[in-house]
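To start, the structure under review is shown below, and the notes come after it.
Chain nomenclature is as follows: A, B, C and D, assigned in order of appearance, with residue numbering initiated at 1 for each chain independently.
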């Protein structure tokens, strides 16, 4: 198996206006930086983005939002991006805010062939509006459905030609589940290696979920909140 | 005298038990990690994929690939593990986390909580809060008793969109420790030098005062 | 002449396409791995937790911690990955596996399959077969056309407890290749030297014969 | 965190007759050998066992079945144990056979706080009898519920004092999900190490799911089907 594509341009080939895209990352940690930047160079608009956050003003999804490429955003927390909040409150941007665990599980469910599942998260809140409620063990739960995407853009630390991925630190976050849920999953990695180099026992995302893989040119990896303690 | 944020965190830290896994929300809850009592071993869970989260890194050691749920750079302690978001919320929904501490804009006397949205004005999103409050067996809210305008945030009924219903077990505010009971907020402890009257005046929801109420020992 | 087991496996292997992930069941299906055509790269999935399964180990290299779904010792190929059973069936149910090959006791002309139980006599269990047949887009059954008693195993309706309904796409037997269509088994190819008449006589279910039927080229 | 118990006897303390036990392993691969052997020395009977297989005649669950300690068995495939088949066909043993993927997912669901989910597996078969059927995307699915256990007995390759586990090869199988689903999860490991020794990025089962851990005295690890090829 060899899923390597020559460059980011080939990697995102086929993404069209109106499609549903999943984009991995938590805040700007573990973001598919290169794929997002390349997408911002296309004329793709009106996409539905499923991503935990909305990036910051000038990085990550922020650059797609700034250009009004996003028609609808499905996320759990958008507090770091003022432009996002402005577009949402003004009604320019359609927004579905959903619980973070539900978001993760709905992506996994799609990838795992589970069309729907029950979760307690959001019961009694506006998240539950219009959804089936069922009581299990005396506790009310709501029915949530799987999320599929035309493309999933994910980012890993290391990957091999077969598409196997290993993530690093908390840059793992939503990437593995989104990789499972994409009709076409594009993985970008900091280091692309041969198929003999990764330990099969340490793969986080098996290559079966990845259709295209490439090594990103550069990784900026900004830090949103640089918090430190003094050396004593 | 009412507690400051550190005081609230310190009081909540007294409730920690040895061997617990604990999820701390953004804001005051984060400070709880600084006051874990001597002899109590707990592990902090960060819903973006860490168990065994440690303090902030030393200057120069920051790793952009290692942040907490508040997007702050952090470190790992021995015995830590890293995982994806589905696994993280499996832990949370599956009730493997013994204590959740989070902030709130409003709490009702039946244990409802609102902390993610002010219609028309502010929408940050619920993040992991809805999963946490719907799942955890043991939820403590860390908050100021009243808003900046002096209005009570402990209400008969929340006015803001809810994060969860009937789920909060305890509120630790700058004025008091209160447990949610079928009869409303039961006053458990007063902040040092704060009178029952003062707490009653600042609480819009039902407040149950049983006999004399001890002061916190901080 | 009817095919032997190797012949059936060899014919199924001709259906493999480059880049496919393939799950092979126990018995004849396992043999398919030995006949992957030149230039075709496929990866074999074993539902107990392997992608990129390789051949049996050299004598002395057997690892009790590395077996296939038939509990046989196996090896890994470059690019392999290991995972747990939930992940394995996520791949299967989620339709990430392009071809499933499995054995059967009976297949009906509407694509039902029975292969896990003979009431009162034999109950081995369905293992992963029910997940596989309910999920896969592309299911080939490898089987003998008739039982040891000479009775057809390709029926109008299964008599044994079902493994899945309306799911089989293709049957490759010792006599023929047949695709399941709304009109029943459509005869695609004959085993070398086996006549259409012979196949018709051995098939209890509806058999569609369209014009002249080519012989397999093995 | 230190979850180490002194020995296997302490590890299985509290297992009582009538309880529901999950036992990891696929065939005899990745079996909690030491815990099973210790259980066979107790007077515990009438247990419900949830395990993918039933062991072989003289190893694994086979030793519990032989002594008639098991009242009910929930498994997906039991073809390797004749005594099991005999007890089942004679009616001495209550048996629930369920699809392997459904078994894995029901364990994960319990650990993940998902009370129920829909799966296509088993639709139209006797597995679906009495279960709710619902059509998603034109395809019928059945509703399956989470499996909880009083004790889960699992086996890993390496583990640390905090209960973090790393499995090896295909010995991983059901162990991670069962670890999630046990009210008390007992992990036995081939090698117990200090909390600094495992790479946090390579943990398969985070310690939060493990209540007790110990290093097994010996591991027999039999092979059911020794298949080899000749060296050329």
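Quick notes on this one:
Just so we're on the same page, a residue touches a chain if its C-beta (ideal position, glycine included) is under 8 Å from a C-beta of that chain, and two chains touch if they have at least 3 such contacts.
Small disclaimer: the values here were computed from a predicted structure and weren't measured.
Path length between chain B and chain D in the touching-chain graph (shortest route): 1.
Taking each chain's centre as the mean of its C-alpha atoms, the one that lies farthest from the centre of chain C is B. With centres set at the average Cα position, the gap from chain A to chain C is 36 Å. Distance between chain C and chain D, defined via averaged C-alpha coordinates, is recorded as 28 Å. One finds 55 Å separating the Cα centroids of chain B and chain C. Listed for chain A are residues 105, 108, 112-114, 119-120, 167-169, 201, each touching two or more other chains. Chain C has residues 82-83, 86, 89, 92-93, 135 in contact with two or more other chains. Two chains count as a pair here when they touch; such pairs are A-B, A-C, A-D, B-D, C-D. The touching residues of chain A, counted against chain B in their complex, run 26-30, 52, 75-80, 85, 88-89, 95, 97-105, 107-108, 119-127, 157, 167-177, 204, 221-231.
Of all the residues in chain D, the ones that touch chain A in their complex are 105, 109, 112-120, 134, 136-137, 139, 141, 145, 166-169, 201-202. Of all residues in chain B, only 46-50, 55-68, 70-74, 82-86, 88-89, 92-93, 112, 116-117, 120-131, 134-135, 161-166 touch chain A in the complex they form. Against chain C, in their complex, chain A makes its touches with residues 1-2, 108, 110-114, 160-162, 164, 180, 194-196, 200-201, 203, 206-209. Residue ranges of chain C in contact with chain A, taken from their complex: 19, 21, 41, 43, 45, 51-52, 76, 78-83, 86-87, 89-97, 135.
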